[in-house]
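Letters A, B, C, D and E mark the chains as written, and numbering starts fresh at 1 in each.
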Amino acid sequence: MLKVEDLHLRISNTDILRGVSIEVEKSEVVAIIGRNGAGKSSTFKSIVGIYKPSRGRIQVDDLDIIKLPPYQRVAKGIGYVPEDMRVFPWITAKENIYLAAYLSKNLDKIDDIMNMILTIFPEIKNFLDREGFYLSGGEKKMVAIARSLATLPKYLLLDEAFEGLAPIVVERFKDAIEMIKNQGIGVIIAESNVVIATKIAEKLYVLERGETIFHGSPSDLLNNQEVMKILRGS
Amino acid sequence: MVERLKRFFGDDIKTNFIFLTIIAILYPIIYVFSPGWGVVLGHGVTWISALLGFNLLFGYTGLLSFGHALFLGVGAYTVGFMYKYLGINNIELHLLGGILSSTVVALIIGPIVVRYTRIFFAIFMLAIAQILWSLYYKFYWVTGGTDGIKIPRFSILGISLEKLDFATYHHVYFYFVTGLTFILVYIMWRIINSPFGLTLKSIRDNETRARFIGVDIYRARLYAFIISAIYASITGVLAVNHHRLVTPDIAYWTTSGKVVFATLLGGARIFIGPIVGSFVFHIIESFAMKFIYWQMVMGILIIAIVILMPGGIAHLARTLVDVVVSHRRRGG
Amino acid sequence: TEIYRGLAPPPPPVREEIPTTPIKAGIQAYLTGGGALWGKPMMQGAILAIEEINERGGILGRKIEYVVKSETSPEETVREYRTLVLDEKIDFYVGLISSSNTPAVGPVAEELQTLTFFVDGCTDFLFESVVPDPRFCFRITNIQSADGVAAAIGAIKLLNLTEKDKVRIAHIHPDYAYGRNAHAHMQITFEKVLGKDRVEVVYEAFPGLFKITDFSPYITEIIANRPDILASSLWGADVVNFYKQAIGYGLFEKMKYVSCIAHAASPAEAVKDFPDGHIAGVHANYFFLYPEWDKYPINKSFVNNYYRRWGTYPDSPSEGAYVAVYLYKNAVEKAYTMIGRFPEVDDIIRALEGMTIYGPAGPIHVRAEKPNKHQCYKDGIVGISKYDPRFGFSVLDKPIVIPISKITVPEGWEGTPDPKAGTLAYSWIRETWREGVVPV
Amino acid sequence: MHIAGLGKHGEKAWYQYKLIRVYNPRETIDMLEIMDLLVRIYNIFFGASVLFLIAVGLNIIYGVMKIVNLAHPAFFVLGCYTIAGTGMGVMINIFGSSIIPLLITPPLLAAFVVAVSSLLIFPLFLFISGKGDEVQLLITYGLLLIFEDIFRLIWGSEPLRASQPFELAGSLSIGEYLIPVYNIYVIISALVIALILWIFLFKSKSGLLLRASSMDIEMAAALGANVKKVLLLTVLIASFLAGLGGGLFIPSASAMLGMSVEFLVLAFVVVVIGGLGSFLGSLVGAFIVSVLRTITLILFPELELALIYIVAIIILTLKPEGLGGGKKW
Amino acid sequence: MEVLKLLKVKKSFGGVRALDNISIALSEGEVVMVIGPNGAGKTTLINVISGYLYPDEGRIMYMGEDITRYPPLERVGKGIVRSFQLVNTFDKLTVYENILVSVLSRKKYQYAFRKILDEYTDALEETENILKLFGLSDEADENIMSISYGDRKLVDVAISFALNPKLIMLDEPTSGVATKDKDNIMEKILDVIRKTKVTSIIIEHDMDIVFRYGVRIIVMHQGRIIADGEVEEIRKNEEIKKVLLGGVYA
């Protein structure tokens, strides 16, 4: 179980997170939704270790990882796809994926990993040898996701994973998430799109101004007029 | 509009003028107390122009020039040549000559260098400055090589200062330069608060976008570059009239390093930064030179200051002023 | 001889009370960079003299205190000089090695009216064009032209160059006043003494002072041009690098190296690798073995004291600084005997002008008239390098002494500096020497 | 000051050089000219090797940490001083005057010492990585100044030598020509080092990691890279190479104060010509600078320094990223 | 009147055909939405029209003039303005200054340095007007980085509009904006477009938005235009639906 409790984060004198709590079981898809600037990405970055929260706990399978540097968190099974992809520009798409496998010590399983990736995103085959810099927006997104899959994570954090992907790819990717989940992996997606989120997630968290203001099932959310109002921004 | 922009401490012209006035009033007292420190203040006021120019490029346009010594050198050697070959020692003509020659040099190299940014611009400027330095250095028969060109005391409006004793001469120099600096500071302030100033800031923040709203970023940078060059050359002209010796050192990269450090010390992006920086830098340098291991002292000071005061002195002062002001508001 | 020249008859001795406050000396020397090889011994020479004087009760009972400042680039050197005078309020100043710095500091010294002894920085320009009529500046070491001319004449004599039909010469000199002067003076001397037609310059290079660590490209060019002699004024760290690499390329087997400065600096450091059989000039005309110790005990005691105090043998900058301090002492004491009170700067200057004292290198004379007023003079010395197992480094063999009066512009000579070479000495040699005649 | 190891120096005079006669051609004028040319080319290779050894570390640090490390040449000079000031004496005490260990151990010792000392300033590098250009330039410049005085503090201000390997290796004589054998050793070593480095960077997994980190180190961390380790590796490799270079170079010259600054300016040009952060660029750049230096010395000595910068500018104008190509590494 | 016309424009990168024989014509005031799968060449199309890239073959006509080889700046001068896929503002300036820069640039004051800003009342006034038009007046003096992402997107677009463009191209103007705000922003933008009657090209992935607001739609696939028509036409076309929409909206 990945458990985030009462997370506080402060960057240059602004409180960005003020008590965020999230729980994800293995084989579960959880969505964090919230308006722009609600703190979704910041929560992810804190889990990954890019930001250093001032208070709170982050536990992976009952082990507190908040003091660990990012690379040790990866070893504990955290996989991360940033919203801006951050594909390494001057190595090829393939090397991007290989590197992730190497860093997570999965190089021996690279053939299986490639197979899995190519079933989810057959498009990648077309640009495996293209350097990251020259990929289009959506292509980068695919590589970024593929790369995080190559670390064989136990918990996968997807930040705005559907943004910029063509609808057809989005559909395939949704199926893939189901598949990933069934392999015993916990998936957390950060979404601003409530419709997509309610479709794929079993459990939802709503962030607003750095606070968890709701958690529950999709139907709970849709019935909660108050929260929905906030999400609609009216 | 200018009121509309939040006028922070140091960005308005008033604080700048008050600061300069205080220095000008303190100067004779300091000189009586210790002429050596009086001379240091003379260095300080001499360098303001170059630092203002540097800050226009760095703080407001986003171009880090690691070769500003180039223009100090142009100013300095213009004076050297004017004296050596034409026998001119009128400071007005020196200034005019410095402005003209630096404009010409800036027009020649500007169109090429402004196409680069960040470290590339820095290196490019460094390389060009080094070329000029090596020419000053190597063309011994023209420039006097490392021995440089000796120049006599300057004259103002035809009045020769040769007969003055050292102290009086130095006072005349100090107040002449201070007066000039008031004018230069005012002009620079106008430039920064003009539409052109805003354009430069927009280029600094986002050059691609600036280009796509129709700013010819190269042209704007070129103008900034020329202004900056002129300002730097003025310091070159003044500095050699202060030392009365023109050597290639003034065009060497270590001089560029000085310009960068002094500006950052004072605070880039804040208008008063370079002015404060110039004085404080020269005080620090003189202090360090008192030690046998002065390079180490200087190195440690540089590192400590950059780490402890990343925004420079002006930034620190502004923060303090903010605290005091908000405290007083809350109190009363 | 000339000792009391130019002095008014002694006034009635008043014998005023002498202040007991210490005299303050300012010392400015290269402590960093390639010049430190010379700066440090210079500082040590000055300190040794001060300590000796203080031990014996000071100057007229006043002890000497000193402050040391760094010599660096001209601009900063001038600034530090100013703080010495303005803030430290020194009574006299001893310092400077570089020929770039003396012309920078000279005018400032005149302006600040401070008694200033330049140890070195021997460019002819200083007293010819920069400060033609000095009051406060003096310079201890020989003028450059004396170095260059002495080395060239030494080479001609020791290598029997007059017997050759044609002499191919290559030059390598550091790129600043000293190197440029040395080039001009050595060249004009060769041309005059050997005859213009018999001298052919095959290569010239002016590497930056202390800017080059790898001399191999220069060495290759020199060898490729096949000169008979290589005239050089490299010094400091430059020679150290040059010798070693030149040996690797066999340069010294192919030509004779003629240096006007080689054996001047810290012998243990500078001339460790110096090959045998080449012309070793001594800039500033001091090498610690000459004048011979048994015949001239002043030198012996200086070398011994210096060695005891600092653990190395003295060199020309140490001797220069040492002499500078003693010049000051002698001048103060001499002025005191005249006027009966502790002298003012003007009195000391009057005492200094035309004075001759005996330093470790022999008699040294302060010139009182133009040209080169306030320059100090002593005889030149040139020899053939020879490794000496007693010391573990190269010394001068078969030294010849070249009387200074024969090779330097005489007092009162009225000529104009040569427009190209820039020096008076150059014009003097060109105009007054007879071609094809060895002047000494 | 007594310099360790050089005490025995007096036992050997310069002419006792070991001469290896290889070839004694009939010396015609043509032959001489060809030989002149060959010696020049040989010099170019030597100069390029030294420059490469300095510039490559500068590039590696820039590549990964985006720091233009003005203090880098001081690492090189630290290597020089380590050997000239202390190391060579120690080695001679251990190995006497047997040539092979004296060729091999000093560079390794220097590399080791420099790498270890770089650990001391590693926190400073951590601090400035990711900060603005100006902060990095100033802090590393400050370091450069401090280094210069540390050399003076430890080893004094006289130039120091460690010539034994240079002398023991002697000169190779080809006809009337002599060329120092030691320089050949430096050239070969530089080539071997370049080859090893190339294999490491482009063929190994750690090399891939280093290159990826140079593009986005935070992302590399989020994929499981130990950032501190990567940065440490970078600084260690760069300083190791600098030390190795210093240790290799110093027997052919002497360690003197102010050397760092001279090398800095040249290394900078090399890096600019070759391309900042580009490994291959360091090789190309070092070679070009060395060629230019030799050519100007023959043709227009007055432009010796200017020409190098002029070429740098021409290259920057035509190819802002330098010859190493727009791609990193 | 035809504002823009592309004639057989081609652009490839190595083996990748990003634009393959593209021909489009846009008449004045027309609003076109461009859709297509990832890597279809949409961004490349905008890059080519704005002069960021030059095509390998083909011509680009603007107002009857061949602008194929014109540099980007000249095209801006002629009224061709674009926004970017990610927000692209002047990060250290305020909202007000962000727009003022743009206004000054159009009024050709951008290099004027003899008078200070206060004296350019016309530009200041105009800036206020644009702020009002986009509903940003309240945030005028905020630093651009401290306002919400959606508003920054709006400022981004407002900067483009301040240039008084004749042809505006927006690359995914609502990407990264929360769903509800997406509509909001799109509405505001389209509102301004309608008011100013400027010819527009908008790239969008969100099908809901495309179908809700689009009039004419261009579908790209592998560098080619596979359909160009009214919303209904596209909606009906089974082929396109399969390629593009994967049956979501069937």
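The working rule: contacts are C-beta pairs under 8 Å (C-beta built on N, C-alpha and C of every residue); 3 or more make two chains touch, one makes a residue touch a chain.
Here the structure is a predicted model, which is why all the values come from computation and not from measurement.
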Touching chain A and also chain C, the following chains = D
So which chains are sitting against chain C and chain E at once?
-> B
Remotest chain, chain A as reference, centres from CA atoms = C
Please work out the Cα centroid separation of chain A and chain B, and write it as a whole number of Å.
-> 50
Please compute the C-alpha centroid of chain A, do the same for chain E, then give the distance between them in whole Å.
-> 30
Rounded Å distance between chain A and chain D, as computed from the means of their C-alpha atoms | 46
Set of chain D residues in contact with two or more other chains | 148-149, 152, 305
Per-residue multi-chain contacts in chain B, two or more chains = 137-138, 295
Which residues of chain C are in contact with two or more other chains?
-> 31-32, 206, 208
Mind listing each pair of touching chains for me?
-> A-D, A-E, B-C, B-D, B-E, C-D
Report the residues of chain C in contact with chain B in the complex, numbered from low to high.
-> 31-32, 68-70, 73-76, 78-80, 82-83, 86-87, 99-100, 103-104, 107, 111-112, 123, 125, 130, 175-177, 180, 206, 208-209, 420
So, in the complex, the side of chain B touching chain E is made of residues 1-6, 190-191, 193-199, 201-202, 204-206, 208-216, 219-220, 223
Which residues of chain E touch chain A in the complex?
-> 13, 16, 36-40, 43, 85-86, 148-150, 172, 175-181, 184, 205, 207, 243-249
Partner chain D, residues of chain B touching it in the complex = 58, 64, 66, 112, 115-116, 118-120, 122-124, 126-128, 130-131, 133-135, 137-139, 253-254, 257, 260-261, 264, 268, 293, 295-296, 298-303, 306-307, 310
Chain C-facing residues of chain D, complex = 1, 6-7, 9-10, 13-15, 17, 36, 39-40, 43, 46-47, 50, 148-149, 152, 156-159, 161, 163, 166, 171, 173, 176-180, 182-183, 252-254, 256-259, 262-263, 293-294, 297-298, 301, 305
